[in-house]
Each structure stands twice: as structure tokens, then as C-alpha cells.
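Several structures are given next for inspection.
Presented sequentially are two complexes of chain A, the first with chain B as partner and the second with chain C.
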Partner chain A sequence: MKRKETTAKRTFSLQTKKALIAYSFLLIPVLFYLAIRIIPAFQAFLMSFTTSSSSAFTMDNYHKLINDEVFWKSVKNTILYVIIIVPLQMLFGLILALAIERMGGKLKWFYRIVFFLPYMTSIVAISWVWRLLYDPNSGILNEILVKLHLPTQEWLGSPSTALISISVVIIWQMMGFCMLLFTAGLQVIPRQYYEAADIDGASKWQTFWHITFPMLNPTIVFLAIIGVIQTLQTFTQIANLTGGSSGGGLGGPLNSTMSVVVYMYNEGFRQYNLHYAAASTVFLFILILIVTLIQFRTFNKSYKL
Partner chain B sequence: MKKVFAMLFTLFIGSILLVACSSKDSKESKGNSEVTEITYWQYTFPTKVEQIDKIIADFEKENPDIKVVAQDFPYDQYQNKIFAAVEAGDRPDILNIYNGWISKYVDMDYIQPIREEFMSKEEISDYYVDMIQPYELDGEFYTLPVAVRSLALFWNKDMYKEAGLDPESPPKTWEELIENAKAMTEMTDDGRYKKEGFGWNAAGQGLHEFQQVLLRQYGVEPYSEDASKVLWNEKQEGYDAFKYWLDMTMVHKIGDPDVGNTYREAFLAGIAGMIVDGSFAVGDIQNASFDWGVTTLPVLEEGGLQSNYASYWTNAIAKGVEGKKLEASERFLAYLIQEDVQKDWLENVGELPASKALIADEELVNDPTYGPFIEGLDYAHATFFVNEDKERQIIIDGVDKIRLEDADYDETFDEIVTKIQEVRDEFFNKQ
Partner chain C sequence: MKKKKFSISKMIVNILLIIGIVAVSFPFVWMILSSVKSTADFYSFSFWPKSLDLSGYKYVFEKTDFTRWYFNSFIVAIVVTISNIIFCSLIGYTLAKFRFTGAKLIFLIILSTMMIPTEMLIIPWYVFSSDFQWVDTYWGLIFPGLMEAFGIFLMRQFMLSVPEDILDAARIDGMGEFKIWLRIAMPQVKPAISALAIITFLGNWNAYLWPVIVTNTAAMRTLPVGIAMYGTSDAGGIQWNTIMAMSSLTVIPMIIVFLIFQRQIVEGIALSGTKG
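Presenting the complex of A and B:
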């Protein structure tokens, strides 16, 4: 009896030891995460209820935010970015994945790399290259339009086309990433399903809708959620494609490309009103939370990330 | 499990303490009782950075008890760095800032007034050119500049020749500028610019060219004496000036903000015939591959009122610097603003001396490159900004509404004035 007890004790302490080792390995990342993410996020939340001149609780920042038309414009633009970018980057990614999958031989890899390259390239570098392509006076896009006898465009220079122009850059860059994940998703679909469908005489279209598409569902949900979160936070492309000497501040012309994050940046790091900027990040946090929850519910109830 | 958490917690607190202690130690061990170390911050403008390094080396030789550490940051991140450093309680001792930021920095409590014992208000007024005056805030001066800048008109002589114009006679009036620019502007059939005659832009120096040059030439005093009221649209002439300025791009089509990345780049690339820029642009432009000249800003009609816009980068001692560090900072500032240093500064950086006596120097006034800028200083005005960034954005947005959305000139002009007035009201009501 006694002997058994000691063994039990020893196993317990061994377990504790194991847990301790695991936790001590985790300690550094946990500390890092706490110090870099959690505590500042919490601080930002508290900051949004105070002003720089007093630490008393106030709703002033939110009041100002709700009454600022530029802020609402940035919210509208952010939603527009999501609506335009997310479905299109996934659609193009899927088309690319399916097209490349059908190709045989070594070229497959070549094409995969070609389409994935933009995703690996620095966003800043890409944005500046596109800025040159979009140049209304000397850019190659307008040159092509002229050759085709089509009217030239202002691209980033006009409030009516600037948001679309930025979306195109983001879609172009992200579709390679979607393609890669779809390719992985396609490869894990068991061949037997296709063989069975073949025997049953299903058309290609039927095979796609009844086998490929449902089997890709986890990938689609994942890409949709990641895509929406990323797009809601879009900053770098907007910051590098707009602003500078000709357009003034970021998010121009006339705030037509301003996203919530760019708005937050302008208020926090151009106007140096961190407390007010914090209020807009709290808003963004809530927006992302709501959208993600809705997505989880609508896309697939059984699928969990 | 509780035990594990207790341990984790102890470890967490322990490590924080450890970090806190070690950083304190390192700071204390740095401090040497003999030598006082002060930090000087500026944005990265290569010639200025080099020049400051040289000045510091000379200063340290004469003042072995002071060590100056100079740091510089890219322009677009510079204010963020200052802001983050001050908020984190780790600010530099001396800050080099733009005159347009002074009131914001005073308002945010970042900088301290120049002490009467160091340099009295009378001494400052006597020593410096008059444009420093508007920045006496609540009876105090907060900064001391080394150099000042004004605007002038650069023209590309090669483009003048190509367009059949006399390369040695730059425009004297705005009307001539428009005519010459029209002759140099080349467009494609579908209305895109191949070359622009004049680097028109509301951003950059454009807005200054409007508010301190054109408005005044039209007889409009842009701001009330205490700078609290925006008077641009007080008279019909203000609307006329605004229309005249915008018509350069809208009607006469002599230039557009979209040509080149900036007007200076467009000028350097040989696709802009004329630009208005500051003396600090000389450094870039002197490497141009074409023949160029520089002259004073145009007037409305020959013999008419001349006006110019002046600005400067200036040195402030941060709030909270005291004791030995304050004394060391003041000694460094005193060294920095000496006339000899200012002379070197012109030669190596291209900014004009801020001292009244130096700027009257015959040799300087007759210099073919710097002469026009120095002449411009005589009748230059510095704009008192309360929030330079915001005010600039309001003007750019207003101009864009007209350029891109065909908004009504007069209505937009009123809107710009109202918005800038709101920014100023917010500032002055706080005072």
C-alpha cells in the first residue's frame, strides 16, 4: 500500500515537473505577448476614455468620433475594401489554383511561383511600382489605354477611381496566397470521389459544385476570415499609394481611400491625439469582432478554426 | 496547478524587476561627474547632419566638459519619434523643429522658453531678422534658429530656349510667368502633360505662395495681427487672388500636381520649366544636367508689391531639462547660433543666415544664387501656424475639390477659411 502511494506521488511530481518545463519554455513568448499585445491593447482601451489633459473618465473621444464625417467615410471605405477585395482575391486564387492544377509537368511549379511572388515581395516596394504604373501622365496603364483608343484615367488621382485602384493592387498581391492555400486544399480531396463521379457520368461542372467546392469549404472559411481581418486593417498599401507631395495626407484624394486604420494613424501620429486615436481602434476592434462572429456563423457552423 | 501559476507569477515579477534594475544601472554607470552629456535631435537632411557633426566636434574641443550626442531620423518619422520619446519620458535635450510646429510644441508642453539670463527678449529681437517676431508666444521666445529660408523662382534655361523664349529673361510678373509657362507646356492629344511650364501644386511651397505672396499682392493681409483671425476672404480681392492662383492649373493649364512625384523632381527631370522653391533646394538643383537660373518671385504688375514667405528650422530646449544639462544645452545653443557658424551653414547647407547683421552683407546680397533669396527675405512673412499639418491638409482638400470635383471657387474658398478659423479658434481658446 505504502509503496503504491509513493509511486503515485512520484508520478504526480513528474507531471508537475513536465508542466513546469513546458510553462517555463512558454514563459518568454507569453511575457512577450503580454507586454507587446495584451497590456498595450488594454491600455489603449482605457486611454480611449480619457483625454491628454485629464485622466478622468470621459466619453468625449467617442462623442467626437461619432460626429466626425471623415471617420464615417473611413468606415464606409473600409467596408467597401472588404466587399471588393475579399471575394475577388479568393475567386482569382481559386481560378488560378484550378487552372494550374490541370496543367501537367514542370511548368506547374513555375506558374505557382510566378503568382505567389507578389505575396512574398515587400508591400512598400510593390506599392511604389504600382504608383508609377498608375501615374496619370507618364504611367504605362494610361499609355496602354491610349494605344487601345480608350479614355485615359486619373487612377489614384481621382476620388472616383482611387479606392478601386488600391483594391486592384491588394487583390493582385493576395491572390497568390489564396491560390497556394486552395492548391493545398485541392490536393487533400480524395481521388475516389472524382473516380466515382466519373463512373456516374457527372459533368465537370457537377463535379466541381458537388465535390470540389464543398470539400474546399474549410479553406474557403479560413481564407474568408483571414482576408476580412486583413482587409479591415489595410494600411501599408494605402499609405504608400496615396499621400506624399501631390496628394497631401494619407488616404487622399479627399479622403476617398481613407480606411479606419489610416484614420487612426492620421489622428494618432500626425495630429498626436493618441487618446482620440485609441477610441477609433476600439471601434475597429469591435467591428472586426462582429464581422468575424457573423462569418463563423454563416459560413460553417461545424467548422472551427 | 496553483503552484505553477504562483511560480510563473514570481518569475514574471522577478524578470520585470531585473529588467528595471539593469536599465537603471546602465544609466547611472554612463553618467560621469566630469562630463555632461546632452542629446541633439534633428531630421535626416544629409548636409545638415554633416554640418552639425562638424560643429559638435569643434564645440567639444572648446568645451571638454560637455558631450553632445546628435541623432537624426527620417523626416516622415521625425515627429513620431519626438512624440513617442516625450511620452515615454525619454526625450532629447535639444530639439531641432520647424517654425510651423513651435506653437503646437508649446501647447503640448514639450519645450521650454529661452531663459532671460541666457538671452533676453531684446537681445533676440536685435540679433535676429524680423521674421522671428511672430513666434514670441505669451511674451516668451522658445527657440533659436541658425538659419532661415525664403522662396525664389527657379527656371530651366534649356527649356526656355527650346520654347523659343529668351533664357536670360525670367518672368517679372505672374502674367509673364503664365505666358512663358504656356509656351513651355507640352501636352498629349488626350490632355496629359508631357512637360509642364510651371510646377503648380497646392502642397509643398504652393500654399505659402498663395497665402503670403499672392494674397498680399492682391492687398489682403492674410491674418490678424495676433494671428487668431483668418482674413483671406474679408475682401473681394481675396476671392480674386484664389481664383487667379487656381486658374493657373484649371484654365491656363500650365502645370499640375500629378506631373512628376514632386515639382522639384519634375524640375530636376527637365519636365517642369519653372518652380517656386526654397534656398534649401539649391543643393539638389545645382546637380541638374541643364542650365538653370534663380530669380525673385514675380509680382502682380511691374513695380507692384513684392512679397515672400519665410520659414526656418529652429532649436528648442525640451521641457524638463534643468541643472547641469540645461547649462550645457544653453552653452551649445550659444555656440550654434554664432555668426561664424551661420556663415559656414550657408556655404555647406544652403540656408540663409538668421542674423540681421550677416544678411545685410554686400557679398551675399550680390551672390547670383543666394542673392534672390536674400532679397526676398527683406519683404518675407512667416506664417504663424497653430497646426501646420492640419491647416495644410484643409487647403489641399479644398483645392482638390475644385480640381477633381469641379466645386465652386467662392464656396470652397469660404469653406477653407472657416475650417482654418476653427483650427485657430481651438488653439486660441485654450490659451
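Presenting the complex of A and C:
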């Protein structure tokens, strides 16, 4: 009886000791994390409901936001970026992964490395290279069109083609990442499935739709979520492809490439309207939240089937 | 007959891949070619540089703070990477291997911050950076990245798979808890650490939005900010050969590093993608 008590006491003290160690490990990092990630998130909310002149609660920023045509234009553009970029980068990534999978040995690795290269390189530096390719005067794309006797394009200079031109750059850079994750997804599919399909005389197309595609579902879900969230936050490519004197300003021409983040940057750090810009980031946050929740729901369902 | 058909389809796949290779590598080739062209070559379009003109490179090194930007980028990326390796693995380890009140709550809070877009935090960061006069300092560039939710999540996932037995064995041997984490647990999750290191370094090396906001003077710029600022706000229009020289000097070393560590980098990014 007495002995039991002491062991109970000892395990209890051991547990408290371990808990104390855990707290001592976590104290400083968690406080720091709180200070740079969690408190600022609340501050952004608070700022969006106040103005620079008064700390009283107000909906002014949101009123202004909802009534600003440029803001809605940026929302529309951001959704367009997502619709254009995410499916295409995933499709190209999947095609590349499947095509490379059929190659042998050394060649396989070579292809993978080359297609992955754009993802590895600096977004800013690469955006400037593309800006040169697109340049109406010095760019090679128009030079090729002239050689082919086709009408030249304004590319980044025209509201009708600028958004697509930027999307191309992003797809070009991101498809290698998608390829890599699809390759990883393909490698964990058990070979027996394919052998069984082969014995049953399934065509390649059937094998793809009934084995490969369903088995890649977790990868597809992951890439879709990551892709949508990243694309909703697009800024760097737009800033570097359209900013400055010759491009007609950030998010131009005529706001045709302006995303929500570019809008936030313009309002917050060009006009120094920080409280108003905070309201636009709250909007972005809600957008990301909704998208994540929807995607988790719909994709999880299809995955279970 | 069947075999022949197969090889034809393989040939088509091969041709398509080669077209893809050209499309992917052409911008890089064009970047290097353009960096050694003279200004005249840009006005009257020419595919090859008419003569080797290194004035772009000369301008980069003599008239801009390019080497300083390189140094700044490197410092920021290295400090942030080391900090993430230490703190993310320490937090991840503690959350995975210790049972204590509040463990779940802390993990849940950290996980939920992954949904908060950085853009939302940037405005408050900027406000208190100006209050504390961190604008235009290294600390200002570095502090937001020191701990990332994704890294904590990744390390926790991997730390869960570290066998309890070896930790207990070390405890019986009288090893301190801090040492157990450092000497026993850390080596067990080496692939995760290198994955975390690669994505953190890459992410910070390429970061643009926060660095462009928090820096004012040319000397404090990071490489992406330096290139962007030179490209957009320089008077007298875009000097293509100089920008392409800057881009080449940024991109080529990255490609070389990538080719040297290709296996680790590819596997690291795949790992962080599949586990995360």
C-alpha cells in the first residue's frame, strides 16, 4: 500500500518535471511567435476598423473598399489569375510527370532537373527576363510574330493580353514544382495495381482513369490548395512585370493586372493609407479561409469515394 | 507490330519533352545572351550579340550596390534558415514528445496561423518596425521570418516518428533533456531538417514583398529589391543589358548550386511537399 503511494508520487513528480521542461523549451519561442504572428493578425483586424486619426470603431474603411471600383477590379483579376493559373500549372505538371516517368534511367533525371529549374530561380530576376521577352520593341516574341507575318502584340502593354502574359510566367515557373510532387505521388502507387490492370486487359486510358488518377488524389488536393492560396497572394511577378515607367504603373495597364495584394501595396505603401490597406488584407484573409474550407470539403469527399 | 507502335508513341513523348525543354530553358539562354549585348543591339533587334559587350556587367559592379545586395540577401537568408532549424525543431520536438497541459492548444494555434496570409501581418509589422526604428535594418528584414508555422508543423510530423525507446535510453544514461533533443532527436530527422533548410533559404533568398517595404536606402536592399528598384525607378528608361547582367549574376549561381545539390534539393522539396 505504502509502496504504491510512493510510485504514484514519483510518476506524478516525473510528469510535472517533464511538463516543466516542455514549458521551458517553449516559453521564449512561443512568446516570440505570439508577438510576430498572432498579435499582428489581431492588430490588422483592429486597424481595419479604425482610422489613422481616431481609434474609435468605424466601418469607414470597409465602406470605402466596397465602393471602390479598382478594388473590385483587383478581386476579379485575382480570381481570374486563380482560374487560369492553377488548373494549367497542375495539368502541365501532371503531363510532364507522366511523360518523364516513361523515360529511362539517366534521361529521366535530366528532364526532371531541367523542368524544375525555373522553380528554383529568383522570381524577380526571372520576371525581368520575361519582361524583356515581351517587350514590344526589343522583345523576341514580337520579332518571331513579324517573321511569321502575324500581327504583333502589345503583351504586357495592352489590358486585353497583360493578365494572360503574367499568368504564362507564373505557370512557366510553377509547373516544375507540380511535376515534382506528381512524380512523388506516382512513385507511391503500388505496382501490383498496374500488373492486375494489365492482366485484366485494361487500356492505358482506363488504367490512368481507374488507377493513376484516383491514387494521385491526395497530391491533387494538396497542389490545388497550395496553388490557389499562392495565386490569391500573387504580387512579385505583377510588380516586376508591370511596375515602373514603361509598364504604365503597378497593376497596369488600366488596372488590368492588379491583384488584391498589389492593391493593398498601392494603398498601404504608396498612398500610406495603412488602415484602409488593412481592410483589404482582411478581405484577402476571408477569401483564403473560404477557399480552403470549400476545397477541404469537396476534395475530401471525392477522395473517400 | 505492337512493339513498333509503342516506340512511335515513345518518340512522340520524347519530341514533346524536347520542345518543353526548349521552352523552359530559352529564357535563361536569352538572359545570358542579352546581358552581353550592347544597347544598340536592343534598338535594332539582333538574336546574337553583334560583339561581346560587357558594359552591363561593368555598370553593375561599378555604379550599383549589387555586391552589397548579394551580401544582404545571403545574411538574411542564412540567419533566418538557422533560426528556423533551431526553433522549429525545438518546438516541433516538444509538441511531439512531451505531454503537458496546453500542448494541443499551442499546436492548434500555430497550425491555424498557417491560414493567415503574410500580407495581413505586413501592415502591423511595418507599424511597429517604424515605431522601434527597425526600418532599414537587418533586424527589420529578418525578424518576421525567424519562425514559420509550416516549419513547426513539418518538424512535429517528423519528430513523432522518432522512437521513444532511444530517448528513454538516453534518459537512463543521465543525459539532459536539452541534450537529448540536440544529440539524439535531431540526427533522427536529418532529411526533414535539410528539407526545411532548403525551402527556408530559397523562400527568403527570393522574398520580395516584405524586403521592399522595410528597406529605404540602396545599401540595405536585398538582391530582388535591388534588381526591381534598379529596373523600375531608374531614370532614363530600362537599361536591358544591365538588368540582364544583374539577373544572370543572380540566377546562374543559383543554377550551379542547384546542380551540385540537385538530389538533396529535389528530394527535400518533394519531402516538404508530400509530408506538409
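Quick note on the criterion: the second predicted complex is superposed on the first by the 287 of 305 C-alpha atoms of A that agree within 3 Å, B and C clash if a C-alpha of one lies under 4 Å from a C-alpha of the other, contacts with A are read in each partner's own complex, and residues count from 1 in each chain.
What we mean here is this: a contact is a pair of C-beta atoms (placed from the backbone, for glycine too) under 8 Å apart; a residue touches a chain by one contact, two chains touch by 3 or more.
Quick caveat: nothing in here was measured; it's all calculated off a predicted structure.
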{"item": "More chain A residues in contact - chain B or chain C", "value": "C"}
{"item": "Which of chain B and chain C A:114 touches, first, second, both or neither", "value": "second"}
{"item": "Touched partner set for A:272, first chain B, second chain C, both or neither", "value": "first"}
{"item": "Chain B versus chain C as contact partner of A:103, first or second or both or neither", "value": "second"}
{"item": "First, second, both or neither for A:233, with chain B first and chain C second", "value": "second"}
{"item": "Which superposed partner A:172 touches (first chain B, second chain C, both, neither)", "value": "second"}
{"item": "Chain B versus chain C as contact partner of A:19, first or second or both or neither", "value": "both"}
{"item": "First (chain B), second (chain C), both or neither touched by A:253", "value": "first"}
{"item": "Touched partner set for A:36, first chain B, second chain C, both or neither", "value": "second"}
{"item": "Residues of chain A contacting chain B in one complex and chain C in the other", "value": "19, 23, 135, 137, 244-246, 269, 274"}
{"item": "List of chain A residues in touch with chain C within their complex", "value": "15, 18-19, 21-23, 25-26, 29-30, 32-33, 36-41, 43-44, 47, 96, 99-100, 102-103, 111-118, 120-126, 128-133, 135, 137-138, 140, 143, 172, 176-177, 180-181, 183-185, 219, 222, 226, 229, 232-233, 235-236, 239-240, 243-246, 261, 264-265, 268-269, 274, 277-278, 281-282, 284-285, 288-289, 292"}
{"item": "For the chain A and chain B complex, residues of the former touching the latter", "value": "16, 19-20, 23-24, 27, 31, 135-137, 142, 146, 151-152, 154, 157-159, 244-249, 252-255, 269-272, 274"}
{"item": "Contact footprint of chain A on chain B as seen in their complex", "value": "3-4, 7-8, 11-12, 15, 79-80, 83, 87, 104, 108, 188, 190-194, 201-204, 256-259, 261-263, 387, 389-390, 392-393, 396-397, 400-401, 404-405"}
{"item": "In the complex with chain A, residue positions of chain C that touch it", "value": "10, 13-14, 16-17, 20-21, 23-25, 27-28, 30-31, 34, 42-43, 45, 47, 87, 90-91, 93-94, 98-101, 103, 106, 109-110, 113, 115-127, 143-144, 146-147, 149, 177-178, 181, 202, 205-206, 208-209, 212-213, 223-225, 227-228, 231-233, 237-238, 240, 243-244, 246-247, 250-251, 254-255, 258-259, 262, 265-266, 269-270, 273-274"}
